[in-house]
Structure formats: structure tokens, C-alpha cells
Amino acid sequence: MWDWRSQPLTVPSVIAMLIGAVVILLLALGVVTYTIYVQRRILGWMQLRIGPNRVGPLGLFQTIADVLKLLIKEDVVPAKADRALFMLAPIIAFVPSFTVMAVIPFSAHNVFTANLGIGVLFYLALSAITIHGVMLAGWASNNKYALIGGMRSAAQMLSYEIPLGLSLVGVVLMAGSLNLNDIVLAQQHAGLWNVIPQILGFIVFLIASTAELNRTPFDLPEAESELVAGYHVEYTGFRFAFFMLTEYMYLFAMAGLCATLFLGGWSGPLLPGWLWFAIKVFLYIFFQFWLQATLPRFRVDQLMTFSWKVLLPLALVNLVLTGVVKAIW
Amino acid sequence: MIGFLKGLSVTLRQLPKKKVTLQYPDVKPEWPERFRGVHRFIPELCIACNQCARICPTSCISLSGERDENKKMKIHTFDINFDICILCDLCTEVCPTEAVLMSDTFEMAKYSRDDLYLDMHWLHDNQLKYEQAHPDRFERARGEAD
Amino acid sequence: MVAYAWLVPLLPLVAYIFLLCLGRRAPEGIVTGVSVVLTFLSFLVSVAVFRAVGSNPDQVAAYTFHWLTVGSRSISVGFEVTHLNALMLVVVTLVSTLVLLFSKGYMHHDDRFAVFYQYLNLFVFSMLALVISPNFLQLYIFWEMVGLCSYLLVGFWYFKPEAALAAKKSFIVTRIGDVGLFAGIILLFLASGSFDYNTIFVAAAAHKLTLGWISGQALVTLTAILIFVGAIGKSAQFPLHVWLPDAMEGPTPVSALIHAATMVAAGVYLVARAYPLFQASPAALTTVAWIGGITALLGALIALTQRDIKRVIAYSTISQLGYMMMALGVGAYAYGVFHLMTHAFFKALLFLAAGSVIHAVHTQDLFEMGGLHKKLPLTTWTFLAGALALAGIVPFAGFWSKDDIMSATLQSGHTVLYVFALVAAFCTAFYIFRVFFLTFTGEPRNPAKYENAHEGGWVMNLPLVVLAVLATVGGFFNTPLNGNGLEKYLLADGAVGVTYSENVPLMALSVVIALLGILLAAILYWRPLVKPERLARGFGFLYQLSYRKFFFDEIYGAVVVGGGKVMAAIVDGVDRYIVDAIVKLVGRVVYYLGLGLKYTQTGQVQTYGVVAGFGLFIILAIAMYRVGGVF
Amino acid sequence: MSGPLIAFYVISLCILGCAVLMLSFRKVIYMALAIGGVFVGCAAIYLLLGAEFVGVAQILIYAGAITILMMFAIMLTNHEATEPPFQWNARNVASAVGCILLGILILLVIRSTPWPQPDTSVDVNGGNSNPVAIGMALFKQYAIPFELVSLLLIVALVGAVILAQHRKEDE
Amino acid sequence: MAGGAPFPIPTGSVLALAAILFCIGLYGALTKRNLIIVLVSIELMLNAANINLVAFSKLSDKPSLNGQIFSLFTITVAAAEIAVGLALLLAIFRLRKTSEVKDLDVHKW
Amino acid sequence: MSLIDEKDQVRTEEMLLNLGPQHPSTHGVLRLLVKINGETITDVEPVIGYLHRGTEKLAEDLQYTQIIPYTDRLDYLAAMLNNYALCHTIEQAMDLEVPERAEYLRVIVMEMQRVASHLMFIGAYLLDLGAMSPFLYVFADREQIVQLFNEICGARLTYNYMRVGGVKWDAPPGWLEKVADFVQYLKQKFHMYDELITGNEIFLARTRGIGRFDTETALAYGLSGINLRSTGYPWDLRRKKPYSIYDRFDFDIPVGQNGDCFDRYYLHLLEIKESLRIVEQALKSIPSSGPVLGKVPKMIRVPAGEYYSGIEGARGELGFYIVSEGKDKPYRLKIRKPSFINLQLLPELLRGQSIANVIAILGAVDIVLGEVDA
Amino acid sequence: MAHMFQYWNGYLFVTFFLVLGILLPVGALWVLGPLLRPHRPTSAKLTTYESGVEPIGDAHVRYNARYYLFALLFVVFDVETLFLYPWAASFHKLGLFAFVEMLLFLFMLVIGLMYAWRKKVLEWT
């Protein structure tokens, strides 16, 4: 198979890469679209409702209709807002959410994946940039709810990034590499998905990633019963859509990361790699929706304390245990 | 931790259950016989006694009658301002001839408040629609009368 | 087994960390339980190591691995097991276990109970790590850590001003010694390129230690003495002994563990471990012997008259450490170490028994006690065992070791030192029985305190009993009866080969001397034929000399402070009339300059920054101009 | 003109552009944002020079943590803080002249120094991936500095907490 | 690049970038009035130094990882510096209600 | 550690935040003017009246029968109880006999109404706390009650079912059996609610010990109903001042221990069980037939004088106070609105709390704006 | 050499993602948006939302130092986490000593955490 990755750069390979990037963009957008649809369906079913069913067969075009609606909605920039930052914030939030997709290995023949030596850290580093967008959005709106929401959101994402990062160290320790492809290969080689030996790390990851994604029960920044909508209160139309898009892009990316790091990525018997990957991603996403259907949300002080006092020590314990096992074994 | 898992199992169990919502505009709800929807009115029975207008707590009924050739009061105009009607059912309660009754019409969204002034004809049409929709109730009523 | 010797220091460290995590409000039972159990495990491991080493001399080894590279020299860390330190491990862990147990009773209801145990565990860890260190650097690190723990523990009741002062004093005085040690270690490193004992000893033996400005024998002597200075500080030898009695302000278990059995013995251990170095320098050995002898005598003489029970024992410790040093100095390596061991047992016993007494009567003044044997029978008997051992009565532990030392001293030709030792032995017997009689016999002198006295419960009694047994039979490790077992064991390293034969008349002489001492004590304090006060008056000056500790504190005060005053006066004159005049001139000039220049002091960092930036630019530009080729 | 060189010039332009923007903005929060751009650009330069781990560390620490911290600090002090417009006062002019002179001097030095030909045949990572190589160097050669880093951080933490926390005795 | 082929980026250019960045940082540190921005400008200078370190790790005649490791340490130090610096700023702000450098002239005559 | 301290020079500036009237969790159009510092509340001022319709004043111009539909709109989640409270007061004033079957029907619908109202509380409270599903589950259950009411009186929310001297309709055929079925059905659902809500750690963490007050405070503020009972004070008018036929039934008064939000939530659940017990007993002993409206004069005229009677409403003591001049309209009608009285404690409870707790506390105090603003 | 190409190409690919990620919102918001969206601002529309009443005061008040403390902790722990990664990646080549070093490092980290814990930095209120 022709591999663009280890060849000198030529026009065809550039075009191939470009196509690859566009394909992933479309794929991600598609996944996001139907993630939202699936979310509404699953939530509906779990709440004894039917969920969207009007637009298109089985309501399949519901999200597309929503997006179109948002696209033609008037774009309101509040008079008191800081105009420049207000407009910039959604972009700052969105760009990294898409860029992190570049490292996620979607299938065994990782055609569309940059094989970076620092894959895991790449994800972590970029996702930290989104915090700026969120915070600036809250600040630039010049709205009290938005400011509180933005600050909370930033503080929350900061706090949970640490246990998230630490929980990943265990996986890196298992594989001896930061490269996501290598990590998948290592799991395949060991014949054991990391979720088993790294169960503690997995739990920490699961919780911390939920918080990173601002999803229930950690959806405080947007806590509609307190802050109405959090940092994007003032956003309308397509700017708002970009915040939503960012959120669901990260959901997808995080699902991909989870699948890759803990669930063996594209490896699995019988089925083709990309299908395995899709199944695992869906499982993670389903889990998120399931949580959303079940849990009330934390209170902000409990949330912060939880990260530092429970998750961080847990992650450290996991790390030391893994280290001990690894050192002895 | 346990409680949280139990909660998860509860929501998961609901997933395959039968849904309780109606496909509303496609499937209309079944209203019981006593349902208090928009009034229906039978002009023939009305004796313009004005009791309904007097009992109405919001004064939304206005009517005028005239005596016909038999010196009987006959209804001339009968309007209900649905903007303020609270569907309390007191008018039907006091009506000595059962000329004002409640139907099961409940969809009353209008673009203008003016459209909410329901006159006698509209209300009578509502009666006819009701008769058409529930012939069984009339038969039963007749049967009981017999 | 030997390869697992690192467990020995590790277990107390684990206990320390565990207690640290529990915090200062941890329940006493758990704190004690964890400490004692882990230390006891450590003791078991030590015994296993000791046996392994004893049964198979080939087990002796250093386990080191490379740590880092400084320049071209590499430094390694790890641990080593020798015959010497295997013995030390056993002694330290045994005494530690018992003291940790004893402290449960002694420190009961102290506000900072858990903290006390934390410190103790940290100390035990440091001490064991010190013993097990394979090189001077590691030893020095733990040497200082031991000092730190001692500081913390002496000043444990820091709210008492005496305790705080004593802690400070002990820390500073030992630091003087440590400077010497550090200098010695650095010199050795410079000369040999390594911190490892063996590398250094081999080089010393082969006369390969040289530096640019000093070489050969002189360097060996210098470094040996510098190292010995460290030992002087730590082991409270003359003239740096002044800190040890003051350190008695710490809780009594601390005195027992640190200031009698273990830490102060670290100096002896250091000399013993560095013995090849000393052997290469007869001058250094002689110094050691004389310092030891003087200390032994001095300590014993001061101890005669002290009123504070713990101080008596503390001076006794100084004296006994002097014996050990003397033994090492005259070449009786094995006997020094043997005495270290027996001394650890009976001195810890004496301290703990004293602690038990203090716990019972809440005073340390001998003249407030009396007649306590009725109230504290167990303490009385155990103390008696310790006292007999200290006095050197057959067959108690102290007899065997002290007698070995004295024989060796005489046989090696140090007659004067032998006389010193003999006098000291007499004094020893006297002062310890003085304490014994004053404390336990006769009538209670302070009825109020007497009435409330009681034994401290099993946690305090058990260590006493165990130590009493050891003080009684501990000497049999090395007697002609078992063919001098310990001596053979210690000399199996092959490093030191000097032994001395037993001499029954000498033994008898020392016992008689000791008995005389006891007799004198008895007639003065038990069945008073002579009033001690009269005796004191009779020997007025000598009594004062002893009671005031040979005026050491005063001398130090006078020399340091008085000398300082004289110096100050001179300097003051110079300063006032010569320097000041110049300074004032300069000052005036600068003042008027400053009046003008102050306007540049805007307080604005950035303005300064601009100026500094320009300065940088100018310097760079000049430099570049001189380098050339840039412009 | 090879690809990396083009990339280098583009990135350099971005960095300098952001830096100049930083100087010319007046709202402090904009400045913080511009500096974020510089940080990301520097990360790109590191990546270009093959220092993957340092590059990503730059993003993680500088662009992620430090910039956020600055924003928090801005929001905690004076949200609307602005710089006054440029004035021709002595200090500003002196600073400008000094910086330009210094810059010219350094550039001259750089130009006049014969830089050795980089030896591209050496793989600095010694065949490992960059993080692994960094790890090995860090834990073998640089063990002491590494431990000191943790000490530095804890000291910084304690100091910053003491400074930032409200003290009781002030009351 | 085949072995020995020149690295596509000339050493001088990278160093020049760092030099300019350094000067911009210096200028900012000397003229900006807000303390935060002064701190930020200092970060800029540190970054310039870092670029040099990384550049030499790749572009010297004996490439090695030392430059990269050094720059890692620099980053760490910068993080510590900014944390303490900003905490100081908060403390100053608490005391004097200002975040401007010009108001901090306690050492003025 | 916080910077709240007044003397501290750089304490963060205080911020005035409006929660409501257009806010998702003020249960209507309550407006809370909250002064916050950081995220801590320093002061609260509830601003009410956005839903004021002047019911009391309107009543002065209405015949007694005409007032009944207005009471539907007070606490619109418990219209049956409001209906009854008014009718009961008038009946007391006029000394009217109510037929046996009518009394039973009243008790059944009132207790069913209480169940519906409490269910609604649980759902809405969980929604406030961020859990969406329980809200929809209780809605599904409550819908069944609403349907039952729809069948008996033709309306789903504003029933206008009671009349002075009885009720308007007798139960339609089969209705009582349906109620019995529903009671059985709901009894089985409790297990699910316990699993989903009561045992959930996050829920517990958010409600345990939050919004506490003691019996003294509650009594001083005139609280009643669950708000009072949650402090451990067993005050229930159905027991303490029995009206209607409540003395014939066997039921308990559940009380709380801590007076916190969790207690208030849990008491709602327990009271549902008690109400179901009452309904079951009533269904067993209801006379199979009989009049449902007593002998009532055509024109209801309350004899001149002042009358008050209170019943145990869903949110506390619901009382009507009538001043009559003997005409067919009251001279003055005063309603003791439990929601309004419960609301008075709110500023006290919220001071010093974090914003996140506002919702938990406000939700648990359980107010209905229709009643507060009247 | 192959891995060098892989390196360059990998980052070029990332660059494409970056560019696309910027182009998408820019295109949607500034190019496509104005064509599709109405723009009829009224003063009521442009007011800041605050539950339906006029906002009182400015939202840009100084905020609580607590947030700063969390950000501070984040910075410190982020750096520490960063150093864990190369350790983890190279652990299998380093052996026991690296483990001990890391334990020391983690110990420091834990001390920092404990300090923050003790000082109630981790408390929200």
C-alpha cells in the first residue's frame, strides 16, 4: 500500500493529505451531527420519550435542520460586549478541538493519522487551549452568568486536566511510548486491553474526561438551573453553534482517545479495525449519555475538591502501582 | 458508588420500555366525556335567561335575547370572549336548558385576540362538530332520556 | 540475607512516613504499634544479617550502584554489610525497639505524642542508614540527619527555655566537630577521588594519598584527626563534651536511645569504621587514646557530685565513651566495639530506669528521692543490674568489656592511661552507687512525691527487664569462657589484628577497685558513717571543681566572651579613631554626591532597567569591538 | 527554498507579528492573547527543529497553563486595565533606542560568526523517539537537576500560595 | 535530507529570530506599565533564549539533547516564576490597589 | 482564606445578580436579587408580584361559588386542595352538612392531589439539581393522576371540582377501581425512585446538611407543612385539627431530623406513601352510592361574622379567612398562602451560601408562584 | 531517513488540520454567515441578558482569588505531569533507579498537594 507518511513530499502526497484532512473534517462533522441526534434519542428513550422523529425519516435530519436554523439566525453581539474577543472566542475554542483529531488512529491502516511521537501529550496540550476560548467567551460577553460560567469552566477544566494527564501516564508506562499507534500496537501485542491492567487509571480517566467535556454530572459551567447557560449565554446563531460543535468534537475526540488508550483502539477480532474503533467510540459516547440521563450535577465546590482530593491521589496511586508492577515484572 | 450504579441501572431499564408520549398532532389525546373544552352552544334551547352571564366569574359571556312571536325569549347574540374565559364550567352548571355545554375542542391558538371572540355561530358549529365526533354519547343520552 | 540488609533502615523509614501521613492527631496505640512492630521487624532482619555474616565471613560486601558523575569522578550509593556494622545494626535496632516501647508509657498523653514517634522513627532510620553507609558521603549525610533528629528531640519540649537552649547548644557544639569531619572527608575525596571506605583505606595503606600541598603520612594524620574531630563532637569527648549533659533536657527515652546507646556511639563507630586510616597514622591513634583517657577520667570525676540523676548518667556516658575511644586508641579495636555494645545495653537500661523513676516522682533531683525501692521494686532491681554492669562487677556485662580495655591499655604500654582508667573505674563505681543509694534506699526525702510514685506499666517494665537481662549476661559474648567469640567475629574482617591476653590479677584489681568505690558510696549514702557534706567541705575545692564540671562552661564563656571583649576593645579603638575618621571623610563626600545623585533614584524598576540595558549594550559593544570582525 | 524553510519564515513572521501586536495593543487582556500567539509560534519553531517534546511542553505549559494564569490574574486585578498610548518621554525613547541598538549589535554578531555546519547525520534521539530519549537523558545525566525541579516547584507553590492567600493576621 | 545534507533552516536565521524576539521582550519589559505585561515581556525574553537552546541542540556541529533538556528546565523555571510573580502581583494589588509598575516606587528617595 | 472580609482592601467587588424573573429554576417568575461576592451570597432579596392577579380583591366582588375557580389558580399544582379549603371554610361558616359520599370523594381527590403535587416537587427539584430523567418519570406518573381528575371533573389542572356542600360530580363508573389500580401501581414505583434518587451519592452530597434550619426558626417564621415537619416537629392539621373525615383514617406523620434539603425531599416521598394509604382506606369504606351535594341554599350567603379555617395543603397550612356582612359576596377574603410564608425564610437560608446552593435550597423550600403572588 | 519524512509529514498533516480548523469557522462566520443571516439589531436585542431585567452594574468585577489558586496549582502540577511522561515512556529502558527517582519526585508532588490541602487551598469556600 502506498504510504504517504514515510515518503518525501510530492504534490500527490500533499493532495492526499489535504483530502485526508478534509475527509476527517467531514467525518467529524458527520459524527457530531449524529452524536447529537443519538444523544437526543437515547435521552428520550431513557426518559420514556420518543425523541426527535419529525425531520426526515426517524428524525434523522433533525440536527441538520438545527444547524441550518442556527446558520440563518441573526448574529447578535451585545452592546456591552468586547466585540473583538466575543467574535474570536468561538474560534479559539474550536480550532484545537478539530486539530486533536489529527493524531487519533481511526483504523489499523491509519491513513488519516499523523503518526506523532508525542500523540498523547499533543492531545492534552491542545485541549488546554480551548480553555482560553471558553474563558474569553465568558469574559467578553460582559454578562454575569457568562463570567461566572467561564471562570468556573476554566477552573474545572484546569483541575481535571491534571488527573486526566496523570491517568494517561499509566498507559504510557505500559506501552513505553507516547505514540498512539504504538499504544494500540502494544495492547494488541499484549493481547490485553489496557482497561484491565489499568482499571484504576481507566476509572480516573473516565471521570476526569467527563469533567473535561463538561458533561453531566460535571456540567456546571453550563448549569442551566443556575447560570442559565454558562459562558455562552450571550451567544446566538452560528457562534453558539461553534461552541456546541467544539463540545461534541471533543466528545468524539475523547471517545477516540479512550478507545485508543484503554480499549485497544482498532484492534479486535473478526471485524475490520475501523468498525471496532467505531463500536468503542460509540460505547464511550453512549456511556456519557447514559450518565447524563441518570445523574444530578455536582456542586461547584464539591467538584473542585473531588478532583484534587480524590482523583489526583487515585491517579498517583495508580501510577505508583503501575510503576511497581512494571519494575518488578 | 453503589447508589450511583443503581441509578444507572434504573435509567438503562427504562430504555426499552414503552414510551408514554403521544405523537400529538398525528394522534390526538382521548378526552373523557366530562372534558371541559371550548363551549358549544345550542341556540334553539337557549331562553336567554342570562344566568350564565351572571354566574361567569370573569364576565366573558355577553348575550342578548329578544322575545319571539311566542313571547318566548329567544337568543339573539351570544358571545364568549375566550381571551378571558377560564373554562370553569359554571355557565353550563347553571344553564336551566343545557344550551351551553362544554366540548372537547381544545386547540385554540389564534394569531389575533379578535379571533378569540367566539360568537353564537361558531359555538353552534362546535356543537355540530361535537355531535359528529361523538355520536355514541348522544345516543346514550337519548337512551337514558327514554 | 545480607543482600536484604537495606530493609533494616527502610522499615523505620516506612514507619516514619506512615506516621507522617497519619498526622499529629493519630491515636497513641496505632502510633506505638506501628513503630514498635516495624522496628522489631527491622531488629529481626538485623539479627538474621548478623548471623549470616557471622556464619559466613564471605557475605561481607558492599552493594552499591552508580548514582551520578561529578566531573570525572563517579559517586555511588548503596549499602554495605561488615562484621562491625552488622553488630551495630543489632544493637541499634534492639535498643530502639525497647525505647520505642518504653516511650509509650513515658510520653503518654503528651500533646505531640505522634510527633515524638515520628522524630524517633526518623532518628532510627538515620542512625541505621548511617551505620549501613558504604562511603563517607552517605555517612556524612546521615550523620547530619542524626544530628538534626537529636536537635529536634532534645528540643522536643521547645516551650521550656532550657530545652530550646540545650537543643541549640548540642546542635552548635556538634557542628564544630562536623566541620572537622566534613573537611576530612573532602580532603580524602580530593586525595583519593572517591568517597568509598575501601578505596580510601587501600590508598592510605599504600601511602598513595597525596595532595599538592601535603602528602603521605602528614595527610593521613591530618585527615584521621579531622575525622576524629567529628567523632569528638558526636561522642561528646573532651573538649566538646559540654553539650551532652545539657541534652538531658530532652525526654528521657531520647536520652536513653540517642545520648547513651546509639548516636553518641556513632563517633566511636566512625573511628572504628575508619580504623585502617587511623592505623596508618600512629600519631592519630595516640591522640585518640589520650583524648579518650582524659574524657574517661574527666567524665567520671564530674559525675561524682552531680545532683541531677540524668546528668550523673550523662557524665557517666561521656566517661564510658572515653573508655571506648581509649580502647580504639591503644589498638584494642574489638574491645572498644565490645564496650560500645555492652555500654549500649546497660546505659540504656540506666537511663530507662532513671526515666521510670522520673516518671514516678516527677523530679530529677537525687536529693528529692530516696527509699523508692518499696514503691518501684522492679526499677530498683533493674537499675541495680545496670549499676553493677557499669561499675564492672563480675559477671555483669560492663566487667568484661571494661576489663578487656584496661588490660589492653596496660599491655600496650600506656601506663598513665591505665592509671586514668583505674581512677575512673573507682569513681564510676562510686557515683553510680551514690545514685543508687540516694534514689532507692533510705528514707524518702520528699514524702509528697514519694507517695504518688508507681511503676509505669508493662510497656515501661518490659524494656527494663529485657535490658537488665542483657546487662547481666551481655558480657558473655566475649569472654575467655566462649573463646572471645565477639572478638573473633569482629576481627574476621581481617582489618585489625591486635588482641590482648587475659590477665586474671588485673581483672581482680579492677573488681576490687570497683568494690571499693561501692563501699565508699555505701558508707556515705546508704549507712552514713560519714556525712557526705563533711567530705565535700573537706575537699572543698575539688568538690567545687567536680560539681561545677571543671568550669568548662565558665571557661568557654570566659575564653570566648572575655577574649571577644578584649578583641572588641582593641578593634573599637582602631575603629573609633582611625577607621571612623576615614569613613566620615568618605561619608561626607559621598553624602554630598548623593544629595545630587538621589534624583536618579526614581524607584522605577524600568528606569533602572533602561540604564542597565545601556550598560549591557556598551559592554557588549566594547567586547565585540575588541574581538573584532563584527563591525 | 525547501518546505521547512518556508514554514520557518511563515512561523517567524507570525511570532514577530504577535510580539509586535503585543506591544501595540492597549488592553491588557488582548496583550495576554497576543503573547499566547507568540508561545504557540515558538512551539512550532521547536517542532520544526525536531524538538517534539519541548514543543509540546511549550504549548502545554506556556500556551496552556501560564497564559491561563495570566488571564486569571488580569481578571483578579483590573479587568479593564489599559496601557496609555505611546508617549515620547525620555524613558520610552531611551528604551527603544537601546533595544534597537542591542538588536543590531546581536544581529551583527550573528552575521559575522561563522556558524558550524550542522551535522545532520547525528540522530540526537539515539534511535529512540524524542520523549524516550529525553527521559533517558533526564533520568541519567540530569537526575539531580530533575529532582531540584520538583523542589523548585514545591517552593514556588508554597510561596505563591502564601502570597496569594488572604492572611488571617491582616484582619 | 540525505546524511550530511544541510539542514534546511540556516542557523543564523533562527538566532536572528531569537534576537529580535529578545529585543521586543526587553522593550516591553522596560516600557509597559502593567505589571502583568512586564512579566509577560520577560517570558518573551526567556522564550528567545529557549529558541537558541533548542536551535543549538539541533544545529551545532555536535547535536545533542542537552539543549532540549535545558529548555525544559527553563520552561519549568518560567512556570515557577510566573506563578510566584503573579502571586506577588496579587499581594501588591491587595496592598496598594494597583497593578502598575510606576506606582511601585517604595525605594524612591 | 476568602477575600470576603470587609476590612480587606482588595476584597473582590460585590456583584448584584438577578436570578429571575426569566430564569430556568425559579419555578415561575420569582426574582431573586442576589448580592454575591465571588460565588458566595452576601444578601438576597426576593422580589415577588410578577404573577399578582389580586385574587383576594377580586373575590370581594364575586359570589362564593364564583370564587372557587379562582382558587384553582392559586397553587395550580394542588387545585383540589385549594377548592376544598375555600368550600370547607364556607361550610363551617354556614354550618352545612356534607353528604358522606361527597366527603369520601373529596378525601380521595385531595390525597391524590397531594400525591401529584409531591411528585411534581420531586421531579422539579431533581431538575433543579441537574437530573433530567426523574422529572420525566414523575411526569409520566403524575399524568395518570391528572387523567383520573380529567375523568372525574373534566379538567387537567384547574379542576373547579368542589362545591359548597359537596362536589360537583359523582365519580364516573369504574373510576374508583382505576384509582385503586393506580395506587397499587405507584406503590411499586417507589423502589425505582429510591434507587434513582434517594441513594444517589451526588444527590446526597448536594442536599444533606444544606439549607438547614431548626424548629424554633421554622415556628418563628410561621412555617408549616413539610418545611416545619422536616425539623422534627410533627405538625399536621389532618391530625392536629382534624377536618373532613380524616379522623377515620390510619396514617402517620413522617417527620425529618435535620431540617435540611434532603429531609424535605424525603418527606415528600414518605408523604406520598401516607397519602396512598389514606386513599386505599377511603376506597374501601366509601359508600357505594348517595348524594354528592348536600342541601345548599340556592344563593349562598355566609352569615355576618369572621371565619377562618385551615387545612393541610400540599405546601403547608392553607387557610381561608372570610369576613362576611351576610351578603352573597365576602366583605374581605384573606388567604393564608403557605408558599408565600415559606418564602420568607429564604433570605435567611441563603445568606452565606454559594450560588450553587441557591437552587438546591430554593427548590426544597417548595413554592408555587401562583400562590405566592396570588 | 524515513522517520524524518514521517516526522515532517506528520506535522504537515497537523498543519492542514489547523488550517482547516481555522478556515471552517472563519468561512462560516465571516463569509457564509453575512450572506445568510439577517442583521437587524435593536437596542433591546443588544442588552445583556440577566433573567429579563436590566443588569445592575458591570460584570467585570474583580473575582475571587480562589480561582487563581486553582490555576496556580494547575501550573505547578501540569509541569510535574509533564515530567512524568518522558519517565513513563523511557521507563523500560531505565530500570529501578529511575523508579526511585520518580518516587522522590512524586513525594515532592505529594508534599505540595498536602501543603495545599492543609492550607485549605483545595476548599472552595
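Labels for the chains are A, B, C, D, E, F and G, by order of writing; each one numbers its residues from 1.
Definition applied: a contact is a pair of C-beta atoms (placed from the backbone, for glycine too) under 8 Å apart; a residue touches a chain by one contact, two chains touch by 3 or more.
Since we're looking at a predicted model, the values are computed, not measured.
Chemist: State the chain with the largest centre-to-centre distance from subunit D, centres being mean CA positions.
Modeler: So the farthest one, by centre of C-alpha atoms, is B.
Chemist: Sort out for me whether B-F or D-E is joined by the greater number of C-beta contact pairs.
Modeler: Between B-F and D-E, contacts are more numerous in D-E.
Chemist: Calculate how many whole Å lie between the centre of subunit F and the centre of subunit G, each centre taken as the average of the chain's C-alpha atoms.
Modeler: Roughly 47 Å, centre to centre.
Chemist: Just curious, how far off is subunit B from subunit A if you go by their C-alpha centres, in Å?
Modeler: 52
Chemist: Provide the C-alpha centroid distance between subunit B and subunit G, rounded to the nearest whole angstrom.
Modeler: That pair's centroid distance is 59 Å.
Chemist: Please report how many Å separate the Cα centroid of subunit C from that of subunit G, as a whole number.
Modeler: It comes to 55 Å between the two C-alpha centres.
Chemist: Quick check on subunit F: which residues sit in contact with 2+ other chains?
Modeler: In subunit F, the residues touching two or more other chains are 1-3, 8, 10, 12, 15, 17, 23, 39, 133, 137, 140, 196, 200, 202, 354.
Chemist: At least two other chains touched by the same residue of subunit D: list those residues.
Modeler: In subunit D, 3-4, 48, 50, 52-53, 57, 60-61, 64-66, 68-69, 72-73, 75-79, 91, 95, 98-99, 102, 129, 131-134, 138, 143, 149, 153, 156-157, 160-161, 164-166 touch at least two other chains.
Chemist: Which positions in subunit C are in touch with at least two other chains?
Modeler: 604, 606, 609-610, 613 - these are the residues of subunit C that touch more than one other chain.
Chemist: Quick check on the complex: what are the subunit D residues that touch subunit E?
Modeler: 2-5, 8-9, 12, 15-16, 19-20, 22-23, 28, 31-32, 35, 38-39, 42, 45-46, 48-51, 53-54, 57-58, 61-62, 65-66, 69-70, 73-74, 76-78, 81, 83-84, 91-92, 95-96, 98-100, 102-103, 106-107, 110-111, 115-122, 124-125, 133-134, 137-138, 141-142, 145, 149, 152-153, 155-157, 159-161, 163-164, 166
Chemist: Help me check something: in the complex, which residues belonging to subunit G touch subunit F?
Modeler: Per the touch definition, subunit G meets subunit F at residues 50-53, 55-57, 59, 61-66, 119-121, 123-125.
Chemist: What part of subunit A is in contact with subunit D in the complex they form?
Modeler: Residue positions touching the partner: 9, 84-85, 88, 116-118, 121-122, 124-126, 128-129, 131-132, 135-136, 139, 151, 154, 158, 176-179.
Chemist: Which residues of subunit E touch subunit D once you look at their complex with the stated criterion?
Modeler: 1, 3-17, 19-28, 30-34, 36-37, 39-41, 43-44, 47, 50-51, 54-55, 57-69, 71-73, 75-84, 86-91, 93-94, 99
Chemist: Would you tell me which residues of subunit A are touching subunit F in their complex?
Modeler: On the subunit A side, the touching residues are 43, 46-49, 144-145, 148, 216-217, 219-220, 223-226, 228, 292-302.
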